[in-house]
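Below is one structure, written out as structure tokens, with a few remarks after it.
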Amino acid sequence: MKKFKYIIIGNSAGAIGGVQGIRKVDQASEILIITSEPWETYSRPLISYWLQGKVKREKMHYRDPSFYKENNCRIRYNTSVEKINPQDQTMALADGEIIGYEKLLVATGSIPFVPPIKGLPKNLKESKSIFTFTTLADAIGVKKGLTNDARVVILGAGLIGLKAAEAMVNQCQSVTVVDLADRVLPSVLEDKSSDIVKKHLETQAVDFMLETSITEIRDKEVLLSNGKSLPYEILILAVGTKPQCTLIQEARGDIGRGIVTDHHQETTLKNIYAAGDCTQSLDISSETQKNLAILPNAFLQGEVAGMNMAGEEAVYDQAFPLNSVGFMGLYILSAGTYDGVAYETQTPEQYKKIFIKDNVLKGYIIIGDCMRGGIYTDLIREQTDLSTIDLKMLITSPQIMAFNQSSRKEKLAQSH
Amino acid sequence: MKRVYVNEEWCLGCHLCEIQCAFANSGEADMVKAFNNSEQKPLARITVEDGENDIHFAVSCRHCETPYCVKGCITGALTVNENGIVQIDDTRCVGCRTCILMCPYGCLTVGHNKTLLKCELCVENLGGEPSCVRRCPNNAIVFEDRDGGLL
Amino acid sequence: MAINFIHPEFEIIREEKRCIKCRACERQCANEVHSYDQEFDCMESDESKCVDCQRCVSLCPTRALKIRKTDNRYRENANWQQQAMEEIFRQADTGGVLLSSMGTPKDYPNYWDKILINASQVTNPPIDPLREPMETKVFLGKKLNKLEFDENGELLSEIPPQIELEMPIMFSAMSYGSISENAHKSLARAATELGTCYNTGEGGLNQDLYKYGANTIVQVASGRFGVHKDYLNAGAAIEIKMGQGAKPGIGGHLPGRKILEKVSRTRMIPVGVDAISPAPHHDIYSIEDLRQLIFSLKEATNYEKPVIVKIAAVHNVAAIASGIARSGADIIAIDGFRGGTGAAPTRIRDNVGIPIELALAAVDQRLRDEKIRNDVSIVIGGSIRSSADVVKAIALGADAVYIGTAALLALGCHLCRTCHTGKCNWGIATQREDLVKRLNPDIGAKRLANLVSAWNHEIMEMMGGMGINSIEALKGNRLMLRGIGMSAKELEIFGISHAGE
Amino acid sequence: MLKKEGEIRIPSGCAISGIINRSGQCSINGSEIVKSISYMHDRSNGLGGGFAGYGIYPEYADQYAFHVFYDDMSAREETERYLDRTFEMVNLSRIPTRKHPRIKNEPQIWRYFVNPIFTVLQEDQDEIDEKKFIVETVFYINTYIKGAYIFSSGKNMGVFKAVGFPEDVGEFYRLEEYDGYSWTAHGRYPTNTPGWWGGAHPFALLDYSIVHNGEISSYDANRRFIEMFDYKCTLQTDTEVITYIIDYLNRKQGLNFEDIAKIIAAPFWEEIERLPEAEAKRIKLFRNTFASLLITGPFSIILGFDGGLMALNDRLKLRSMVVGEKDNIVYLASEECAIRGICPDIENVWAPQGGEPIIIRVGK
């Protein structure tokens, strides 16, 4: 049996973060990366850009191809892990091989949630017209069917659905987004901001059918809850994702809204760590446990996991939701929780809403000009006491000037 | 490592660092050409904030030890080079603004071609001292190693 | 008054093609000359406000700006020139005394430029200061006339209080209030780095600067602003200011608007109240009164500090200096009529006093004739413009020089001569906080130190050329000087031969 | 017409030489020093040569020996009238010379052995400073009696000088007829004088005599300072001002020759800083008090005084000077040839450092 000091299951942001975290501490020991995909690491959010034609395939690398070699990583493509045995620190691969680990990072990510709809084909992967949209394989599939006269129906007005809509709207005859919710991006935005985004997308020829669901999928046609039907050549199912926790669950690790870890990203199973979309995190802005399936979070968790795996204590305790997304030239920054007193501003260039509770910035939404929005993010991240900050100035526009002199000095005259 | 630090005690708010930064990164040899000869004025990677009571200071990338922008970058366009300088590869940047979302200091800006711009300490265009530092009329911006703490 | 007779003195030439509308000129002009026109997307200028301080020109990143004297002239003639006419218009407008800043711009003879320095050739060798030691250390103060020894030949005598300088150049008195805190800081730090002294002027000593005391000369002037025991003991020496070259015979006036909180505390006067220095010290109406003040100050400082008496160069300066030398002073400072000022009545600045060169020559010779040259050191100031001026001054007999205007120039002053407006764009002659911060003492001190050490290098070069390797062998060494284009009388006063002799 | 010494400052290059018998025996014949300086013929240009001998007048050892040049009879008559008033004239005579083809235009050269006479009034007021009195007499005659010039005024010593090469001057003055315990010699190379007998070296005042090679750049600083102390630099030569400085420091300030060397060729400040504290303090006080007596520019001097010689170079040693020893005799010269020429088996030859005084006192 082969044994590795470090094994990472997965090959995306959490896994790469894991490699970089390990390498901060241990530059020598080999790392084995196991991925079920056939590709070197690539940026999942870029699949819509690729589909849109804005990014070439070779620019989708999340890291340079030399990354593995430079970091002494061995990688096994197209390989699934069947089972983890935490007692003897081994795992069984799909081909039956057993390999041992000293430290294991599970960065299995999430998988699309496919709702049980009447008429849904049994083997979605072989469909030429019905797709989920989270992997490069999905995008490649979509692209094959995407023609100028294709009619596209997207189920789900979340981030994935709308990015898919953006990617295709100028390459096909029509895009219609169907969602049971009464607004777009329901998990990211609240009413007004959602409305701005919807209106913008409508001007860009994306059609919406909200408060509507698909009741049945037929060949080239879906039936809707309002009794109407929509023809399609391409149907995207983008109602959401769920954490891929199976391996840990079967190994009897704790699962909540994802794999449960401590601040060191260690699971309830000894020497097994988890990072990324597959995990549950404590959202510091709402103080609730969540599955925060966002890329920066995945990388940061992976990095902390990696450092701990290599023996250095590191802590990740600053998780909270945050998103930056653009649709057809309209950009949205959002972070935290929309709880507390809301301060709303609107200019021709920008809509902004800031939420403050207990003298702490809890969340914000910016649509349009989002320059320097990260200053707000940092206030959430650090849970900064706003009492020494010029709130009026801060609400008007994010700036260092809003801080008092000593924190300005700390920010600008000291190394970070 | 040597980083750009600012001292608001000496910043006059002349905004010349912005001009010099934009020029240095414009690729033009002549400032007049850089500003007056093209459709779009070149953009600065440094921003001067002007406050009340004549407080001014310039803000540019801190090249943080923990660069949230790099960690959050969805494409890998942002990297830390061997000298600790946070750099951006504009052939890989897709303009998603996650870095703007992540940066605690508000130091990234969107360029004319929609990719992000940030201070790279003038490594590409001058070497040695960053242009904002070199041209600051009052030493309000300095290029120093303060990793051991502020003197 | 309906018609404005005073026309803009300068024209602002902005090369539109080069202007990138960065608005640095607008932000940097305290006189509000420049402005941006949104509608036409261009910069505008109001020339009537321009004082030609060159701040905008210096900061314009594309060199799109230049300022030139207007060629618009009144109908002047050889007798009634532009300046005379304009001053009449001005007084007809205001009914007031004309005020000016900095040294006189009038074309009086400049004797430094009529004196040439010698160099060695075959009969003795020049000395290369890069290869051989070259000493510029100077001690200012009374010298012993007779050494006392005990029976074993051990010296009993002690050196009287002295100022020890690494080079014969000091920064002359400029008060906190007339110049900014940052200007003072720059001077203090530069003096410390150089091993020389700066001078507080009559405005007291800011508490933050006490740490530079070993390189500080504290001044006691007729207003006695900021004078107390700690102040007197804070410095390396005490200077009694009897007069100033730019305005002999009159006092000083710092307007209340320059007396802000910190200046007020330092001067020990209320905020916003005019600071008036009377023309005389009201406790000194004669030389014997001066002696009393000198010894009062010595008492207050335990006889540990040399006392300087500063006078303006006036007609009978030699006799006055002789009196001072006999009054217990350790050092005489003489300020020539080209010396600078923060503000002086124009007529006085331009017509009262004599050139420092003549005053120095007369005083040095007079004190030697009276055999009391050893009792005092002589420091001179009043438009020392270069190291050559320093060398000539030392060779004429000075122990050291004061530089004021040259130091201000090093700090960025462009001699626009509008110090009295308080809007110095270079952060020097102003108390406006946004302007004061324009002078970063890190830069200021460095520039001053650069200037003086450059001069000192040049002094060493010139000394080496003369075959002199220590500054004391240059002092009073008038044989190293020759006059050029001087009358026999002038040569006689200088005690030098004409070039070619 | 060229100006002579006293009308203009005249720098000159030179040769110097000195011999002394440490025992104090007057064993050195005048011909020795003449021979020594003759080896450095090319360092002179015929415009001046001279000698000083110490211990040469044993029979008049207690009288001041005035050597005087007179341009004419009236100068001599006026001088003698002046001297008669305040001096007892023990002996007076022409100084013996011999005709020499290369020594021309000689003045009348007289020698007086004198004792000063003080009035009752002076003695009552306790103002008797004999040396001051001699100096004042010399200054008076040299300044105010036209055509008279006292060029030697010490006891049991004498200066012999003329326009010409030094070896010719030695022959002219018949120096082989004198024996002394020490001698100095000078060959002159002035650059802008027609040559004047009084301007030749050694320059002497009281027992001090100076031979000097060099051109001091501090001249006017030194002159203008020393003139504050009742000296009058009538000749405007380096030798003159150096002599006055030494007289001032030794006689008036009471400093020894070691200290004098530390004043006129002071150590550099950076050297002073390295000295022990007490020594540094002492030199700092010297440099402070006598700043204007620092002599810069090239010089090598041999100072003759009662009972010894001091040789000193400027602090950068811009002029040559070597010292040699053989038994009790010490030789000093600009060039080594001047020593080896008269003492082929010389031992222990060395070149002193700049500013390092070589002081030889007889009997010590």
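Order of writing sets the chain letters: A, B, C and D. Residues in each chain are counted from 1.
One rule holds for everything that comes next: a residue touches a chain if its C-beta (ideal position, glycine included) is under 8 Å from a C-beta of that chain, and two chains touch if they have at least 3 such contacts.
Predicted, not measured: the structure shown is a model, and the values here were computed from it.
S.K.: If you take the mean of the Cα atoms for each chain, which one ends up farthest from chain D?
M.R.: Result for the farthest chain: A.
S.K.: Have a look at B-C versus A-B and report the one with more C-beta pairs in contact.
M.R.: Counting C-beta pairs in contact for A-B and B-C gives the edge to A-B.
S.K.: Which whole number of Å gives the spacing of the CA centres of chain A and chain B?
M.R.: About 29 Å separates the centre of chain A from that of chain B.
S.K.: Compute the distance, rounded to whole Å, between the mean C-alpha positions of chain B and chain C.
M.R.: Each chain's C-alpha centroid was found; their separation is 43 Å.
S.K.: Where the CA atoms of chain A average out and where those of chain D average out, how many Å apart are those spots?
M.R.: A distance of 103 Å separates the two centres.
S.K.: Distance-wise, how many Å sit between the C-alpha centres of chain B and chain D, to the nearest whole number?
M.R.: A distance of 77 Å separates the two centres.
S.K.: Taking the touch definition from the header, please name the shape of the chain graph: line, ring, star, complete or other.
M.R.: Graph shape here is a line: each chain touches the next, no loop.
S.K.: Quick one: which chain pairs are touching?
M.R.: Inter-chain contacts occur between A-B, B-C, C-D.
S.K.: Which residues of chain B touch chain A in the complex?
M.R.: Touch residues, chain B against chain A: 1, 3, 5-8, 49-51, 55, 57, 59, 62, 64-66, 68-69, 71-72, 74-76, 91-92, 94-106, 108-110, 146-147, 149-150.
S.K.: Quick check: in the complex, which residue numbers of chain A touch chain B?
M.R.: Going by the criterion above, the answer is residues 17, 43, 45-46, 49, 54-55, 59-64, 295-296, 299-300, 303, 322-326, 331, 333, 335, 370-375, 377-378, 381, 398-401, 405, 408-409, 411-416.
S.K.: Which residues of chain D touch chain C once you look at their complex with the stated criterion?
M.R.: 9, 11-13, 191, 214-222, 224-225, 227-229, 253-256, 266, 268-270, 281-282, 284-285, 287-289, 291-292, 294-298, 315-316, 318
S.K.: Within the complex, which stretch of chain C touches chain D?
M.R.: 120, 123-125, 127, 132-133, 135, 137, 139, 143-144, 146-147, 149, 153, 155, 157-159, 162, 368, 371, 373-374, 397, 466-470, 472-480
S.K.: Can you check the complex and tell me which residues of chain B touch chain C?
M.R.: Going by the criterion above, the answer is residues 9-10, 12-16, 19-20, 23, 31-32, 35-36, 41, 54, 135, 137-140.
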